[in-house]
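Letters A, B, C and D mark the chains as written, and numbering starts fresh at 1 in each.
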């Protein structure tokens, strides 16, 4: 697998630059919103990628609760962390897009609000991992991840209904999508998926090495313990 | 040690202890009173639009009181490591959770019973919609906060700063329930919309998380 | 010792709290009907070993089987555990505490529970009628009531962590006699203590622990290490 | 136009920040490995 990493890195770089070129130059300018609509090609794929990463976190957490294998635990941690990064991108690009178009920084648009709540849930998940003093932190984190995932449909329906009662501007597709636009959108999504995969892979390796180092340090403390007696 | 017998015994024990040392409930009642007064100062009760946001005010006030109460859930068990005595016994974990959750529920409902009339008086509230709906909203909403609150209080026992950890875990996950409670109450107070959807949402929330808590409580109790 | 199957079997048990290794590979058998005293200075892993046997803490690596069961959960009704903290509610009297714990051990019938609680309280030489809350007991009385709680379900295996700590010598001697009596009835006892002298005459074996390992096992208190 | 550029730049600033956090974490581990090797 070691060989695959550089290949993925190159593919990601190519896709990202191609996607950028397509989004900024090639894609047709939207009639009403003008060029600022091109934020759409970064905003929406980032959201999809974030949701996918949180789905991976849920699956990994359930696997960990059943099999208690360290791999699942590390994957859960990694997918949550990288998911939060993509979520942050959505929460930053969303308002930047809303400002010129509707003159407001924040709108309780369904996707934006859902992303905000998910961001809060998974940041609290990462906080639990950092503040926990128990030797069974992965178990508690996995349980919280399950709770977070159970919450998602409830969050979706509560915001959806809230929005039908209080309609607010919609960030997003805005009517039927011009096929060429859809094409650019998919390219960028593919680019972001590769980027997510690349970053997750790196973070995963990093976590494995970190745990090995911690293991070695505690063993060293062990030897020291016997040695100095 | 049947499930029900242990639940009843644990709940009876908690209520007896609460009744015996009433200092906890008195402190909490006074705290809730303070919260209501502060809200009344912060949001001008005489203004017409206060009626529109009263639903939100009431539930945020209840949330404050609930979190402070929930932080005490396991205090007594931790003082003399009594939780270890429970874990060493053959009694299953779920009755302990259920008894603690129901105990909290009663505790928070008592606080709400004090706060609600004060809000009605201060804000001169008169529900325009079907007033009887406020009962299921209060019950389902409080249970939504308490069931997850009791669970996350147990989860945050083994974290560094325990008091702050509970709200950090509880609030994000409770957002749909909060949206439900606030909008349902506002719908009833203003009478402009129907609260049916929100009550259904609260019911779904309660069912989902009560089951999740019962299934996963033992896992975190045993997590040393 | 030969034919009788061991009541506890620990196989290379390691317990790590983050970087600190409390247990560093404990392999040992304990036979039924014996009183073991576990000794060692602070941080030797005595309490962690006892908590692992009691099922309160899972080993990071290695296995431990208690009363023949891999899952301690299944044999909890036969284990009695007493720790340095009292494991009792301060605001309730001794009898109320025990009546509650009797319910946890499945003794639901009122009369039976009352009788059983009176028995164990008298066994530890306390007055069952004492209405004072446990919080106002002396340390010696509190330790005895805690021992009574551990004896409530007539356990086969008794795990005691520092039962004599800051207990007056009279109470300590009485408790030591009681423990010996328990052992004579066929129970197995593991006692972690910093005052082994109290049990010197009654203990069957002294288990010396240091830096997370069992370093020596002697039948006499003197002549170790 | 500058909102568009701002959004794209913001995206890469966020990803860049995270990657530098990872890089710093990586170098910290390298130092720890070196001290362990001694």
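Of note:
Keep in mind that, in the parts below, a contact is a pair of C-beta atoms (placed from the backbone, for glycine too) under 8 Å apart; a residue touches a chain by one contact, two chains touch by 3 or more.
Not measured: the values here are computed from a predicted model.
Once subunit A is left out of the assembly, the remaining chains are joined by touching only within these groups: B, C | D.
Averaging Cα coordinates per chain and for the whole protein, the chain whose average falls nearest the overall one is B.
Set side by side, A-C and A-B show the greater C-beta contact count at A-B. Set against the Cα centre of subunit D, the chain with the most distant centre is C.
If you average the CA atoms of subunit A and of subunit C, the two centres end up 49 Å from each other. Centre-to-centre, using mean CA coordinates, subunit C is 52 Å away from subunit D. A straight line joining the Cα centres of subunit B and subunit D is 41 Å long. One simple way to say how far apart two chains are is to compare their mean CA positions; for subunit A and subunit B this gives 31 Å. Those residues of subunit D in touch with two or more other chains do not exist in this structure. Touching of two or more other chains is recorded for residues 224 of subunit B.
Residue positions of subunit C touching 2 or more other chains, listed in rising order: 58. Chain pairs that touch one another, listed by label: A-B, A-C, A-D, B-C. Only residues 65, 117, 120-121, 123-124, 127-128, 131-136, 139-140, 143-144, 146-148, 150-151, 154-155, 157-159, 161-162, 165 of subunit A touch subunit B when the two sit together in their complex.
Remark: subunit B residues 148, 151, 155-156, 158-161, 165, 168-169, 171-173, 175-177, 179-180, 183, 193, 197-198, 201, 204-205, 208-209, 212, 216, 219-220, 223-224 touch subunit A in the complex.
Within the complex formed with subunit A, the residues of subunit D that make contact are 1, 3-4, 6-8, 10-11, 14-15, 18-19, 22, 25-26, 29, 32-33, 36.
Residues 135-136, 214, 217-218, 221-222, 225-226, 229 of subunit A are the ones that touch subunit C when the two sit in their complex.
By the touch rule above, subunit C contacts subunit A in their complex via residues 16-21, 24, 58, 60, 210-212.
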